[in-house]
Every structure is written in C-alpha cells, then in structure tokens.
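You will see chain A twice below: alongside chain B first, and alongside chain C after that.
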Partner chain A sequence: MNAVVTGLGVIAPSGIGVDEFWPAVRDGHVALGPLGRIEPNPYPVVVAGEVSGFEPDAWIDPRITVQTDRFTHFALAAAAMALRDADLDPATVPPFGFGVVTASYSGGVEFGQREIERLWKNGPEHVGPYQSIAWFYAACTGQISIGNGLRGPSGVLVADEAGGLDAFATAGGELSRGAKAMLVGGAEAPFCPYAVCCQLGLGLLSPGEDPTTAYLPFTTHANGFTPGEGGAMLVVEDEESARARGADARAVVAGHCATYTGTQRFDRSAEGLLRAAEGALAEAGVDAADVDAVFLDAMAGQDADAAEAEAVRRLFGERADRVPVTAPKTGYGRCYAGAAVLDVAAAVLAIEHGAVPPTPGVRDCRFDFDLVTGAARAADIRTVLVLSRGLHGGNSALVLRHP
Partner chain B sequence: MDKQLSPNDLAALISRCTGVTVTGEQVTDAGRSFADLGVDSLGLMGVLAELQRNHGMSRSVDMQPNQSPRELLALLGGRA
Partner chain C sequence: MTRRVVVTGLGVVAPGGNGTKAFWELLTSGRTATRPISLFDAEGFRSRIAAECDFDPVDAGLGPAEVARMDRYVQFAAVAADEAWRRAEVDVEDPWRLGVCMGSAVGGTTLLELDYVATSHAGADWLVDERLASPFLHRALSPAALAGEVADRVGARGPVRTVSTGCTAGLDAVGHAARLIEEDRADVVVTGASESPISPIAVACFDAIRATSARNDDPAHAARPFDRDRDGFVIGEGAAVLVLEEWEHAHRRGAVVHAEVAGFATRSNAYHMTGLKPDGVEMAEAVRRAMEQARLGPSDVDYINAHGSGTRQNDRHETDAFRRVFGERAYEVPVSSIKSMIGHSLGAIGSIELAACVLALTNGVVPPTANLDTPDPECDLDYVPHTARERDLRAVLSVGSGFGGFQSAVVLTRVGRS
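Now for the complex of A and B:
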C-alpha cells in the first residue's frame, strides 16, 4: 500500500477533535460514566462512554441533521474535521478520484427505533420518509459522499470492530487502483433501548456500576467491556498525490490482513489474530521484531483476553514481555466499528508524539506482556500494530508506520 | 380541513419536518418552489404526511418539489 494519513477527525467520549482527544488519551483520562441517554435506565449496563458537548449544528446543515441519525452526525462532523486537518478541499481532487469508506455495526438505530415506534403506535403513515435512508449502515458513507461531492469509489463494511480496520484496507485498495484520496473511518451511536437490548444479547457487556472498575481487560476482574459511542474519520491519500500538493504524511498505512474464526469463538481467535498480524506485517514488509507498540482489542472477557495475550506471545516470542501493548479504549469504551478507527487515530497520534498512551484504569495485568498502564510511555515509534476483533468472528490487523 | 394554518404556521411546519429554515414570506412567494427552498422530494413527503396526520389534509393531495408552498397553502385554505 502507498497510502498515507494526512488528516484526522475524532468524536469520542474523551473529546471532540484531536486537540481534546489526544491529551485525554495520553494522560489516561477516564471518560466513562453513567449511561445517560436512556433515562431511566432499566438495563443491566450502567456504565458507558458517551460523547458530551456535541452540537450537530456547529458542523452540519440543519436540513441534513433532520434526515440523519446521531451516528451520521458524528461521521459528518468527523469528516469535516479531517478535511480541515488535512487542509484538503475536495473540489481540488479529480471528481472520481475521491471516495469514502466507513465501517458500521449498529447503523442509525436511534432514528430507526423512533420511527418504528411510530409505526406500531400510530400506523404506517406516521413513519417519516427519512427512515428509508437514516437507519441504513451506509448512511454515513452516502451523506459524506453527497455532502462533500465525492464521486470516487465508496462503500461500507459491517463487521463490528474489525470492520474499522478493514475499511483502511478497502481504501488502500482503491488508492492502488487509481483513487487519489479517501475518507476512511466510522462512528457509532448505540445508546437507545433497542440498540442496548441487541448488545445485551451478546452477553459480553460489563455489568459493573463503577466507571473506574467496569472495564478492566487483562485482569482477573475482567467481566465484559463497556460500550462507547463516537468514532473517527481520516483522510488517507495516495502518497504521490499528497506529496504533490505539499501535504504532510502523518503515518503510512502499511499493511492489513483479516481472518475469520467463528461467531463468539474467542477461544479460537488467538490463531486468527496471530495470522492476521503476521499477514499485515508481511504486507508492510516488516517483521514482528520491528513492531514498537501494539494497540489491543481488549474485549475484557476471560477467554477473549487470554486468546489475545496468546496471539501477542506467539507473535513476539521471547520479546513478548518487552513490546509495549496498550488499550486506550478502557478510558472511553468500546465503540464497536468506531473503536478500531479511534485506535488507528490514537496510533497515528502516538507515532507523531512519540508516546504510547496508557490503558486507563488497569493496574494488575494477569498476562506477561508489557501492558502500558498509568502514564504514557515515551518511545521512538516507527511501526505500530493495531489488533481488532469483530463480535461475529472477524480478526483484523493493521500496520501503521512512521512516514 | 384545518382552515387556520397561516403562512407562518406552514413555514414553521416545513422547518420542523425538513430542517430547512423557511419564513412565512417565502411560503407565500408564488415564484419559489420547494426545490428552490432546498426541500427535496423526501422532505416534501414528510411535510404532506404531517399535514395529513395532524391538519386534516386529504390523503389524495400530492405535490412535487417543483411546485410552490403557496400552492400547498392554497389547498389548505390559508390566505396567500
């Protein structure tokens, strides 16, 4: 892949925009709190990562706000931030050379629930026409494409968190086939009763009631993950196109690989993650010995954590206890498809700032790998490996390199 | 049929349903279509559905984005 990241737009519980997000992540700030979007909350998930202080009107034409779900508001705002960060005006890119790929897990579920309630309470004529486009997984890709006049190759991937990494591979493929720039990412807004019930059915959510202890992967206390909302969009450009317009390459999207080991078969995901990591490193043309930091999936289930730790141990062998590994998402929640994209954004920032951010809240790691806890670790980071799993069996790995 | 809907009422309803900020003055301008105002076909469908549900407008009424809010107001019996 000759794809470089030139812009970041982030909407996370930890902060809106990179200038808020990075300091919070670097300092291990915990942005989890009581689930406030459902009041009263009758569900056995109490702690969540919610985005606060987000005003759609600051970013989006009110006409579009009415037509779209919160997850699309996040994605549109993040896309606007990313374009600004990249200093890229889409009108300057050849019309069919700029595309968009997003990953989604929940879709426009809050909007969808509102309209379905109108259907069964009042009848079909009470369902708003925008239901037809707002709930759909592809809504973010479509609205970003329309809103920014992007006519290049576009798509959407639905594979939970793993899809957030796969989106970068899809975009990289389009760049290698001639696209000049891609907006890549995804966002989630999974906090309405219907969405929460769907998530509870997975049996993987933490029932913890204390935001400081609810989400503790890799410890003996691990008892499920805390869900989050938000996500990120990144501008990824063909390296030559970026150089030609004088844009700074922030990181190189160097390699990707995905494997599949079965729905909720996290016991098998060690092999799947290992092979994905090896494939991604091979595509990047580097060895495991070159990896300076790993961003972990951190599902916070005993089997899932053990499998991920085993994958790390087998990948690095004797070096396994000396490679810094981290899971910043314990500070803001696992945002489904948005989670992996936020990891990619955090990884790019880690490379830029020379610091591996910590795993907030986690102290007593039960595995013999070098989990960064407490404060960020200063390091000269040339190569980062991001690992991710989908709840339905995908295992993906992405390699990012210093430009 | 609800005869009480004023131009300002219709403007507020259109704004609420579509997110497009519309004034009472604009909805009485015969030369301004829904499309001119930025209301697309889905938005107009939402406006008509709202009028049918809550303002007693006949379900047989259909309009296109190239028609004007003034025409809609006339159908509602409002003073244009």
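Now for the complex of A and C:
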C-alpha cells in the first residue's frame, strides 16, 4: 500500500479533537463515567465512555443534524476535523479521486428507536422521511461524501471492531487503483435503550459500577469491557499525491491482514490474531523484530485476553516481554468499530510524539508481556502493530510505520 | 502479475422459487413474483405489496438450532451458500486462504423490530425491557453476523466481512470479494448478499418518502421499470451467493467455471442521500472504470443488467449513464431489469442480479423486463420488454444505485470449460 495518513479527526470520551485527545491518552486519563445518556438507567451496565461537550452544530449544517443519528454527527464532525488537519480542500483533488470508507457496528440506532417507536405507538404514517437514511450503516459514508463533494470510490464495512482496521485496507486498495485521497474511519453512538438491550445479549459487557475498575483487561479482575461512543476519521492519501502538494505524511499505512476464527469463540482467536499480525507485517515488508509497539484489542474476558496474550507471545517469541504493548481504550471505553479507528489515530500520534501511551487503570497485568501502565513511555517508534477482534469472530491487524 | 477471478459456484433464494433452477425459470418466463404482503398485516400502509420468498427454513435444510439462531435474511444466505458451495465442489486445502464477503443494506431489521415490539410492549416503553429480548438479538444489531454464519458453514479462516453500502451492497460485496483474490489476500471467497426487509418499519420507511409502488390493486404488474405508468419500486427479499476463485486455482482442480469477474468500480454522486440527478455522470464513471479493468470497449458489452428500480428518477438517470458510456451503441445493447419480476431486495439485489448475469452468460439468454407496456419517452433504449431473448453473450454489465449516492458497476465475462 502506498498510503500515508495526513490528517486526523477524533471524537472520543477522552476529548474532541487531537489536541484534547492525545494529552488525555498520553497521560492515562480515565474518561469513563456513569452511563448518563439513559436516565434513569435500569440496565446492568452502569459505566460507559460518553462523549461530553459535543455540539453538532459547530461542525454540521443544522438541516443535516436533524436528518441524522448521533453516530453520523460524530463521523461528519471528525471528517471535517481531519480535512482541516490535513489542510486538504477536496475541490483540489481530481473529481473522482476522493472517496470515503467507514466501518460500523450498530448504525443509527437511537434515531431508529425513535422512529420505530412512532410506528408502533402512532402508526406507519408517523414514520419520518429521514428514517430510511439515518438508521442504516451507510449513513456516515453517504453524508460525508455529500457534505464534502467526494465522488470517488466509497465503501461501508461491517466487521464490528475489526472492520475499523479493514476499512484502511479497503481504502488502501482504492488508492493503489488510482484514488488520490480517502477519508477512512468510523464512529459509534450505541447508547439508547434499545441499543444497550441488544449489546447486553453479547454477555461481554462489564457490569462494574466503578469507572476506575470496570474495564481491566489482562488482569485477574477482567470481567468484560466498558462500551464507549465516538470514533475517528483519517485522511489517507496516495503517497505521491501527498508529497506533490507538500503535505506532511504523519504515518504510512503499510500492511493489513484479516482472519476469522468463529463467532464469539475468542478462546480460539490466538492463532487468528497471530496469522493476521504476520500477514500484515509481511505486507508491510517488516518482521516481528521490527515492531516497536502494539495496540491491543483488550476484550477484557479471561479467555479472550489469554488468547491475545498468547498471540503476542508467539509473534515475538523470546522478545515478547520486551515489546511495549498497550490498550489506551481502557481510558475511554470500547467504541465498537470506532475503537479500532481510535487505536489507529492513537498509533499515529504515538509515532509522531515518540511515546507509547499507557493502559489506564490497569496495574496488575497477569500476562508476561510488557503492558505499558501508569505513564506513557518514551520510545523511538518506527513500526506499530494494531490488533482488533470483531464480535462476530474477525481478527484484523494493521501495520503503521514512521514515514 | 494480475490474479484473475472466476465464478465456480452459484446459489439463489429468490421470490418465485428457491434454488438457481427455479430462479432462472421465473426470469426467463417473464412471470412476476410480486403480490400482496403476507409476511405481516400491511393494513394502513401506503404500499402493501412485495416480492416475497416462499421459504421454509426447515424444508430448505436448516436445523432447529440454526432456525432459532438466524434471522430470516441469514437463513436465506445460509441456504444460498449451501447451494453455491455444493455446486462449486471446492476442496479447501488452506482455510486461511478462504474468505467470506457478504452484503446487506439493513441486516437484522426483521428481528430488531420483532424484539423491539416485545421489549417495548409494542412501542409503549422507551426504556425497553432487555429481559424480554431473544437470546439472539445481539446478532441482529450487526450484519457482521451474516458473514460470520456463512464463514462457519464453509469453514473459512481468511478475511470475513459484511459490506453495507445500502442498495449497492450486493454488487460491492462481490467487487470487494474479487479484490481480496486479486490482491492475493485469499484464493477462494464465498460472496453474495442477503436481505429480508419486508417488515413494518422498512415498508413504512419507503412509504414515508413515496419510493415504493402503491399499485395495491394490481400487484403482479406493480414493478414497471422504464414504463410510463410506473410509480416506484416493489420491495423484495432474497439472497444470492457466488463462490469466487482465483483463475489458476479453479483450473488446476478442473472446476466448472461459470464466468469471470472481470471488472468492478464504485463511485459516489455526492448529491443527495436518496435523490438522483437527471444525468448519470457518476454511474457512467463507475461503468467506464469497471470496463477499463475488464479491458472492454463499448462494443464489447452484450447485455446490461440495469438497476431498473422503477422510479422515474432512476430510470432516466441510468438511461443517461448508458448513453454516455456507449454512445450510439447504447441503442443496440439489450438492457433489462429483473426487478420487474422479483422486486427490489435492497442490499441483496445486486448479488441476485449478478447471479442472473452468470446464468444469462452460460445459457445465452437475456432475461426480460416484465410489465414494460408503454416505455417512458425519456427512456429510449432496448429494454427487452416481456419476453426473454436468446443471444450469444460474451460480456455483461450489471449496475446499481444506492441511498447514500453510491453507483456501482460489475462486468462479468464468459469463459470456457477448463
């Protein structure tokens, strides 16, 4: 892949925009708190990662705001930030050279619940005209394309968390086929009653009531993950196009690989993660020995964590206890498809700042790998590996390199 | 070196009959499978017609645990995948090189709605009671479940994902699947798409924007692409699954090769989430790029499988796109819409249409556009009204448009038996 990251737009519980997000992530700030978007909250998930202080109208035409769900508000705002960060005016890109790929897990489900309530409470004629475009998984890609005049190749992937990494491979494929720039990412807003009802059935959410101890992957206390909302959009450009316009390459999207090991069989995911990592490194043209940091999936289930630790151990062999690994998402929650994209954003920032951010809240790691806890660790980072597992069994790996 | 991609298996669950054979018989007969909605009580809805599958999951071979676990659209896909996989007779040497790429626009909406009604006491409670939910509800939230179920059936360990670009998802899934092989990320990919959107919320959605036909008194003639008297699309359901395989891989094992996936491209109109411009500039661009990949010129395409949804906007939009790409030749190439017979099954239809294209290529028959009695004067191409046509086909084009502004094109070409 000849793809370079030139812009980041982030909306996360840890902060809106890179200038808020990175210091919070670097310093291991815990942005989890009570699930306040459902009030009163009768559900056995008490702690969540919520985005606070987000004003859609600061980023989005108010006419579009009312036609779209919160997940699309996040994606549109993050896309606007990313374009600004990349200093890229879409009008300067060839007409069919700029596309969008987003990943999704739950779609516009809050908007959907309101409309489906109207249908069942009041009758079919009360369903509004925007339900058909707000609820479905393609809402973000479509709105970003329309809002920014992007007529290039576009896509929408649903592979749950892993889809957030797969989106970069899809975008990379379009760049190698002639596209000049792609907006890539995804966002989630899974906190309406019905969405929570659906997620509870996973049996994977942490029932913990204390934000500082609810989400503790890789510890003996691991008892599920804390869900989060938010996500990120990144501008990824063809390397030559970026150079020609004098843009700074922030990181190279160097390799990707995806495998599958069975729906909710995370106990079987070790080999899948390992093969995904090896495949992504091979595409990037590097070895496991070159990896300077790993961003972990951090499912926070005993079997799932053990499988991920095993994958890391087998990947690095004797070096396994010396490669820094981290899961910043314990500070802001697992944002489904947005989680992997936020990891990519954090990885780009880690490369830029020469620091591996910590895993907030986690202290007593039960595996013999080098989990970064407490404070960020300074490091010259040339190659980062990002791992992600989808709820339906996908294992994906993405390799990012220093430009 | 370019890795080429061929189709070695095909399975279909569609309105009018399950299985590839029944599907092709319906399409070549010109009969329609549109009828009054029976899947729910549609009293009070503006559009009360649909193209439904007569589908019994147990008769179709699914076990009780599968029936319980799978939403209707996943059941369709499972059955279509079983047919495709059986016909492909692939002996998988390395499951890590076997991928799955499925498409769906609205995924588990049927189960989502059923359980919403149960957990909200029919809309009374905003704070739904999760204790009343089905144990499988979480699988309905994300259509990743669709690809996962198919992957489990065939034992895939390679890349597995769902593509959800609205109504182009069925074309895009196959396009993405082909790329997984071209890019050497897999040797075999089971691909296709499925949808079961005939539920109150989906029907109400399209009522709200008046996209669907309200010809409730004459459902058999309601889907009328390119006809002057059309009034929108008829919602449908179904699934199609194709087994794609790298060319050498297929030939080495002596597989029956049905067609080559020779080109794919998608572009966006960046115009409107549901509306289409009168011009088809972006669709034309997608078609050109797909033909370029296939190394075909305008004179090489023998049949165009149109999006042909039967909305005024669409029919004029794509007719313009075809004129842009093919020029005078546009008037000589047969163009037809099988949505006239089996309705518009949203994310599934692109794959179902590709299945029809494969069958058209291998049988040398162009399926017709049913109900085309009086062409819209703005739509002046040869839309193959009413009756199927025998024709030697070497290359066919299938196009689609979707909410979100997506415009996609896939080119299939005929290949000989190995």
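Following the convention adopted for this analysis, the second predicted complex is superposed on the first by the 403 of 403 C-alpha atoms of A that agree within 3 Å, B and C clash if a C-alpha of one lies under 4 Å from a C-alpha of the other, contacts with A are read in each partner's own complex, and residues count from 1 in each chain.
The rule is simple: contacts are C-beta pairs under 8 Å (C-beta built on N, C-alpha and C of every residue); 3 or more make two chains touch, one makes a residue touch a chain.
Just so it is clear, the structure is predicted and the values come from calculations on it, not from any experiment.
By the touch criterion defined above, A:E125 reaches both chain B and chain C. Touch criterion met: A:T170 reaches chain C, while chain B stays clear of it.
In the superposed model, A:G393 lies in contact with chain C only, and not with chain B. By the touch criterion defined above, A:P403 reaches neither chain B nor chain C. Using the contact criterion defined above for the overlaid structures, shared-chain residue A:P23 touches neither chain B nor chain C, since it reaches no partner. Looking at the shared chain after the overlay, A:P62 reaches chain B, while chain C stays out of its contact range.
Residue contacts after overlaying the shared chain place A:G262 against chain C, while chain B stays out of touching range.
In the superposed model, A:G152 makes contact with chain C only, not with chain B. The wider contact with chain A, measured as residues touched, comes from C rather than the other of chain B and chain C.
After overlaying the two complexes on the shared chain, residue contacts for A:I133 are found with chain B and with chain C alike. Note: residues 67, 125, 128-129, 132-133 of chain A belong to the chain B contact set and to the chain C contact set alike, using the contact criterion stated above.
Contacts from chain C toward chain A in the complex involve residues 44-46, 96, 99-100, 105-107, 112-113, 115-117, 119-120, 122-124, 126-130, 133-145, 147-149, 151-152, 156-166, 169, 172, 176, 179, 183, 185, 200-201, 203-209, 211, 265-274, 282, 285, 402-406. The residues of chain A lying in touch with chain B in their complex are 61-67, 122, 125-126, 128-130, 132-133.
The touching residues of chain B, counted against chain A in their complex, run 17-21, 38, 42-43, 45-46, 49, 52-53, 59. Within the complex formed with chain C, the chain A residues making contact are 38, 40, 42-43, 67, 96, 99-100, 104-106, 109, 112-113, 115-121, 123-125, 127-129, 131-133, 135-139, 141-143, 145-146, 148-160, 162-163, 166, 170, 173, 193-202, 257-263, 272, 275, 279, 390-394.
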